[in-house]
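Everything on this sheet refers to the single structure shown next.
We just call them A, B, C, D and E in the order they show up, numbering each chain from 1.
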Amino acid sequence: MYWLSVLIFLPVLGALWIGVIGRNKTDFTRWAALAVTSTELLIALGLWWNAAPNAEGYYYLMRVPWIPAMGIQFLLGMDGISLLLVLLTALLGPVAVLVSWHAIKQNWSAFAALLLATQTGIMGVFLSLDLVLFYVFWELMLVPMYFLIGLWGHERRLYAAYKFFLFTLTGSLLMLIAILGLYFIHGEQTGIYTFDYFELLQINLPGKTELWLMLGFFVAFAVKIPLFPIHSWLPDAHTEAPTAGSIFLAGLLLKTGAYGLLRFCLPLFPEASLDFAPIGMTLGVIGILYGALLALVQEDMKRLIAYSSISHLGFVVFGIYAWNQEGLNGAVLLMLAHGVTTGAMFAMIGMLQERSGTRLLTQLGGLLSPLPRLASLLLLFTLSAMSMPGLANFIGEFLVLAGVFQISAGFAFAGALGIITGVVYLLWMYQRAMLGEITVQRLWTDLNRRETVLLGALALAVLWLGLYPAPFLDNLQIPVTALIEAKNAVPTGSINALR
Amino acid sequence: MNQWLWLIPGTPLLGSLVIALLGGLLRREHIAVLACLAAAAAFLVVLLAWLAGAASQPLQQTLYTWVAVGDWRPMFGFMLDRLALVMVSIVSGVGLLVHLYSVSFMAEETDQRRYYFFLNLFLAGMLLLVLADNLLLLYLGWELVGLCSYALIGFWYRDPVCSNAGRKAFIVTRIGDTALALGIFLLFSQFHELSLSALLTDAAAQWEKGSALATVATLLILGGAVGKSAQLPLQVWLPDAMAGPSPVSALMHAATMVTAGVYLIARTHPLFELAPQTQWLVAAIGALTIVYGASAALAQIDFKKVLAYSTISQIGYMFLALGCGAYALALFHLTTHAFFKALLFLSAGAVIQASRDEHDINKLGKIGHHPPLARWTFLAGAASLAGVPVVTAGFYSKDAILATAWSAPAGPLLWTFAAFGALLTAIYIFRVYLIVFHGAAPQTSTLSLPYPMSVPLLILALLSIISGFIELPEGWPGPHLWSPWFEEELGLATFPSLTITYMLQLIAALLPFIGMGLACVLIRRERANQPLPLANFLRCGWNFDAFYQATLARPYYALARGLRGIVETLLIEGALTRITCGLLAFATFCRKGVEYNVLEVSISRLVATLRFAYTLLGTTQNGVLSRYALVISTGAVFFLGYWLW
Amino acid sequence: MIPLSHSLAIAALLFVLGLAVVLLRRELLFILIGLEVMLNGVALTATAAGQYWGNADGQVLVIMLMTVTAAEVAVALILVWLAFDHYRAARVEALTQLREETERRTS
Amino acid sequence: MHSADLINLLPYLLPATGGLVILILSIWPKRVSTRFLSTTALTFLLLGATATLLWQVPGAVGSLLVIDEISRIFTLFFMLGAAAIMLLSFGYAPIRNELHEEYLSLILFATSGMALLVSSNNLVSAFVGLEMLAVPLYALIAWQPTRYGAIEGGIKYAVLASFAAAFFLYGVALAYASGGTLDLAELNTIASSASLLPVAITLILIGIGFKVALAPFHMWAPDIYQAAPSPITALFASLSKAATLVFLIRLLCLQLPLIWEALLPLLWGIALISMIVGNLLALHQQNLKRLLAYSSVAHLGYILVALSAGNSAGRDAAIYYAVTLAIMNLGVFAVIVAFTRRDQDRENLTDYRGLGRRYPVLGIGMGICLLALAGLPPTAGFMAKLFAFGAAIEAGNVILAIVAVINTALAFFYYLRVIGVLFSEEETAVGTSLTAQGPLMVIIIAMILVIGLGIFPQWLLGLLEPP
Amino acid sequence: MYEFIFYCSSVVAVVAAGAILVVRQPVHAVLYLIVSLLALALLFFLLGAPLLAAFQVMLYAGAIMVLFLFMMMVMNLRIERNRSLRNRSLLRPASWGGIALLALLLWLILLLLFSRSSFNEIDSITVIGPTAVGNALFGPYLMMVEAAAILLLAALVAALYLSQRGKR
């Protein structure tokens, strides 16, 4: 199915196009980038429209030999989970372009090229089913993101960029080791040396080895998610990145970690993952509460949302390791919801910063009256972020907690505390920014047409996800069932390496 | 009619959407009219539902599959049975009246669009809550009304008092909501089903009476109900919520939203019947709250806060009835309370607005302007609240609850609380009435109210007087329409024997009059500057705020003690703010302690180590050729030495 | 007859002595001389081994060694001379412009 | 000697003949223009490259040289690489006026030395090849002796290389003593019995370790990198290293597998030290050329990670790595050459501020090459690391692989720093206008190869497979 | 007798080499080296390599050492103005001792390694004369002779260039 590779390579070709001929033609590059990302979105929607599962539950598969000597293929596949995340990626593309329209003052062509390159990397991560290919895209998305942060970021951008890069890189390199280990063990067992995901699923690993390999993958994903205590790159990166960068970071890059858990950690190492589940859930709950707590004491709005992302992604991990229908469905849905919601919130903070010149809550206040449109839309997204029923995050968090509750009521209770704290910090943020007396008198301009359309679209997405998530959840039926089957296939009384 | 059910919440929702999206194009007055039309449409649909026979045959509609997870597919579906029918009637009726009232009351406000958007949205949410046929949808409505409450309490957002109050309300109710959510999770994990009808039959079939799971589940649901209905111990938000506009207080914090807890328990009563301990706890909470609210109301000086505590106390009656298994009576009181409390708030609002937003009852008494209509309707509401026998609706509903409480476990005790509460009720409401309307202010005010305000007041006054007549007390001749109509759905209340009933009725009938007398005494003492003992304690709502500070905030406080600089910032008013601040301190501790001192420092340590290693290695690279050769030779020695080993 | 190991030991001693000269002396000329001594050790090894195995390869190796050494020494000596010309010194301490500058590093 | 032998000899002869021809041309009574000399040199190199294609593999030239896939690829590669070095030299401002016939002929002699080295099957020929590569370099480092550190660099390299060559030769002599032969194939037959042979090979390893700058024999590298003119540094960093490394691979993997097995722990240790030392020293380095020197040390460490696996995957990985490392280094140095000021190199990182923004092709080229050095997919550097670490894991050297991986992550830090400087907003004074075409061509070809070999590594791997 | 001469000349070669370690004047060092080389030439002869012995005397002691001496002369012209060529002092005893120890260690290691491999005793000397060497050189090693020639040429070119350009 060649459309998958179109999905991946369209942005990078667009990036080349823009990068080569777009110098000093700001207007042209803007529209070109918008055109490319919109085409991408249309293709993604078309793929969604035509999606029909095959025997393995994959809607589309594409298999081309790449490096036959090593058993590396160009193997792309899209099942329900990747479809949803691809949709999210495609949606956030135009959003990021539109948000940067006037916010990026210099070197628009390079910026657009990097943005598109990042999108390619992320698309690749969500689509590749060959482990080396996956790793290639996994690393590939780092570099343009590094430059987005490092070149267009705010005050401490270089520090943040380094931190971002080194944290994620160290993790992913360990994953590389694990991938290679998997490859050779599989090769020794079966005589077929391949990185093919479907082949590797058949592998049967001894307990300790499985655990170590799983940890190799897990560390890479945990850094991306990010889980406590390896989250410390995230607030810096989010804060210093330009708005579009933050949108991609929070909306998409964090999802790649969770996606990795779902796609690789659980099915490849079911036994080890099952043993690891309590720890995974503990890390999740720590993330939920810790992120919420720290969000409470942030002055910088972007930093606040960054910590809230830690909290929300904690829920995702929570759901993943609950490993049942509700938990997994909820985790994926929450990923989507968080992508849209947080993307929108970062976009709005960017707009706010363009208008007020600051993101500090101490310097904002009372903006509801001069900026009613912005304020009310921000309220909508804030509510979504604190999982207001009817809005995007709710169903996800609800399902996650419902899933977790079946595993352990205590964990569910702790997670529910996270919802309460979520309300506390988000409302407080909203109050400090939008309510009260206006602190700065200046000529405020409310959202213009571009921004309204952009945020309106995201608001629609938020409402759709909240009110009618069934079309999205339908896609998850097959992959989630497969995951649960993988769990059920684990022999009872297997070695509990961790306990 | 089945397929039109969605119109009931749909019309106000549509109204709110139109206001939100197109409100910019409309003039202020038109927005108000639009909102009223939406509310009226909802009411109209409810009336049509009555006509279509919803009273005899429950209506149902399923819009679409909301969530599809595995084999669990909760629908976006509505169910209109008798319980829901009564609720939607009250909600849409009172809602319509309040909308009307708002047209005049809020005419001066600039931000009509926001106001009516949330008012309509609230109506939609409340109707959704009531109509929901599964717990998930109910939870949606539940949160939606909480949100609107938050937004409207903080309507005057420029005032930090208002926005703080809104936030407090949201957070406190959210605590209850989370309990409710956990309860839902528990039920879901047990039955894999959230549809109300299926859930209740399953529960009845699978759970033994008094089983631990049932108790826990009902306790969690009770948590949600307590939070939303402002019962002990989560009542702290309601008095603060009076910072919002009066129509909002009337609609949400008196008539409808706060009774959602009552509705929830009534709706899930089969579960509660499986858990007698919880049910008794419901009754006990109700009884305690009655006294708590009434006593706190006794010492208030803010006009609306009196009514707020009164609401807390009155909902206590409903909880008492629920706890005693008299669900229909709880609903009865809910209905009459909706009328008279809305009336009280609306007329109080009229007075307050006429007196340039003066809330202090003493000042209102001295210099306030009292539109005559407001005065008389307030009196009607007060009488109904106090339960003046025979002529008011409040008498009938409250009397029945008192009677049924007697026959519950530990009945006389409950009854005593309830009766004492009734006495206090009479005292505080007449105290307020007398202070405000019989103070030094010119009594012959001729201020007249505009029609949008006066018509709702009159209708509500009428209803608070006559709505009781549909069900006369046990043992009296006359119509007994209410309880039997509900028998199928909610069962019948039990009453003590007829003689005791008569006794109790007599006492109950006397209480208002005693109360009136005591109120006069109280006022005289107050005017002589001899306030009630414990007045301050009562005024602060039994110092609950302080109590929470001590029990919840202090542990966090201890955590934060090491961080001197932050401690200062902790000293902000209000209990929940205290808790928040406790969290805040802890969070700051985490930020300083963990984020910076541990994580950042470990990174910088690593960097320093690497740099040190670099320097160390770099100094060996001193440019002297012999040194290089030496290193090579040393390496050679080691490598050759390897072969010896 | 001389056992091979004796020749090897002597050769090794020569090699090591040359090594010591390279390491100890700080004059470039001495260092070059030391290198010659080391290579002599190698030459002795090769010759003795050639004798032991009875073929000419060892001697070929030594001849190559000599040729190459001649080439190397020629260039090296020119360079030493240039150094002396430019730095007025032929000691290794004088040739430390190129080095790691850890102390003066900024940032 | 048959005519086939003669054809086989051509690739060795052509560069050397080229050197001679140029020398002769220079004593021609009429003055010959530099352009003509350069063209001649390039022609001979390209002819040599073409001649390698005529090779029938497997084959031999006399008894000393073998011709197989590896020697064919690398000989071709060295010819083209030397041509690239010349192109760089033409664009290198500081010595542009010093480009005499000697320079060109020395490079040509060095090239034939490399060609000898990679196909030697005999220790003597290896030694001669090694020296043929080294001796011209002594002079090339010190080219234009008035430059900063030129003479010092020349002396340091001359002395230390002779020192290392002494070790190498000692090893050769001992190998001869242990087996009575200098032929590698014959040595292999006695490898199991001769206890002195591993020692001899260890000594040879020390000599080679010096040439390819493995820790702890690496200390010359930064100084010489800094001292030499940038094109010559490029020669060091890419071709010279690759040639020596290929000989090491041939020695251990192809000819003496038994000894290879015995040496694995040593290789393991060298790999570990090299990676760590190289990266640590590069970490805070402010001088770009020194930084690249240290990074090369680390890269050789990664190659030894592959070699210490002791399996065929490790061998292939090492070969692949050698080629790609050479290309990447060539690319980076091409940019350094292109950015030189009129009189001297830009050495400090601060001198590169903002140049990538101003000259995007050069900037992007250098960025890609640096990222490839760092090992980022989809460049060749990543594939090389993948193969290398894969080989290590296959052999069960998981700890080494993990150390390598952590080192890789560490290495990103300094590569990214360079890129960050290159694209930073402040700009340094540009100095000259960059008009040199040679470096531009080299960087573009390197860029294409780095990405092409990264995406399609089987291009190279396939060539190595015996048909 | 044969052994005696062998060991004597070994001792001479070693002692002369050792003397280089401690002498102060470069000229002395060169002279000691020549002594060592000549002793070595004798050893070569004794080991049955007369051609090598001759080469050693002619090439090494003759040509290369003359190169050294010539260079020294050139430099000595300026030694009066510049004292840096003089060996002021040896290194500090600590590093001196350290390096000596290292060298000793290396030697001991090598000896131990040699002692591990068992070499057969050889009964008599077989002289591998110029013919054999020549056959080898111009037989299989012909390529290398040519290569060495090119190498020498390269060195010549390099030396010439540097000596021309090096003039200040």
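Before moving on, here are some points about what is shown:
Heads up, the rule we're going with is that a residue touches a chain if its C-beta (ideal position, glycine included) is under 8 Å from a C-beta of that chain, and two chains touch if they have at least 3 such contacts.
What you see is a predicted model, and the numbers here were worked out from it, not measured in a lab.
Counting only chains that touch, the fewest steps needed to get from subunit A to subunit C is 2. Among the remaining chains, those touching subunit C as well as subunit D are B, E.
Nearest to the overall CA centre, using the mean of each chain's CA atoms, is chain A.
Distances between chain centres, each the mean of the C-alpha atoms, put E farthest from subunit B. Contact analysis places C-E first among chain pairs (by count of C-beta pairs in contact). Centroids built from CA atoms put subunit E at 69 Å from subunit A. Computed centre separation for the pair subunit B/subunit D is 77 angstrom, with centres defined by C-alpha atoms. In terms of their C-alpha centroids, the spacing between subunit B and subunit C amounts to 94 Å. Note on chain placement: the centre of subunit B and the centre of subunit E lie 101 Å apart, centres being C-alpha means. Of all residues in subunit B, those that touch two or more other chains are 614, 618, 621, 623, 625, 629-630, 633-634, 636, 640, 643.
Those residues of subunit D in touch with two or more other chains are numbered 124, 128, 131, 135, 138-139, 142, 145, 151, 154-156, 159, 163, 199, 222-223, 281, 284.
Shown for subunit A are the residues in touch with two or more other chains, of which there are none.
All chain pairs in contact, by the document's touch criterion: A-B, A-D, B-C, B-D, B-E, C-D, C-E, D-E.
Of all residues in subunit C, only 19, 22-26, 31, 92-93, 95-102 touch subunit B in the complex they form.
Those residues of subunit A whose C-beta lies close enough to touch subunit D in the complex are 23, 67-70, 107, 132, 135-137, 139-140, 142-143, 146-147, 150-151, 158, 161-162, 165-166, 169-170, 173-174, 176-177, 180-181, 183-184. Contact residues on subunit D toward subunit B in their complex (touch as defined above): 155-156, 159-160, 163-164, 167, 198-199, 202-203, 205-206, 209-210, 216-217, 219-220, 222-223, 265-266, 277, 280-281, 283-284, 410. Touching subunit B in their complex are the following residues of subunit E: 99, 102-103, 105-106, 109-110, 112-113. Contact residues of subunit B toward subunit A in the complex are 20, 64-70, 72-73, 76, 114, 136, 139-144, 147, 150-151, 154, 157-158, 160, 163-164, 167, 170-171, 174-175, 178, 181-182, 184-186, 188-189, 580, 583-584, 586-588, 590-591, 594-595, 598-600, 603.
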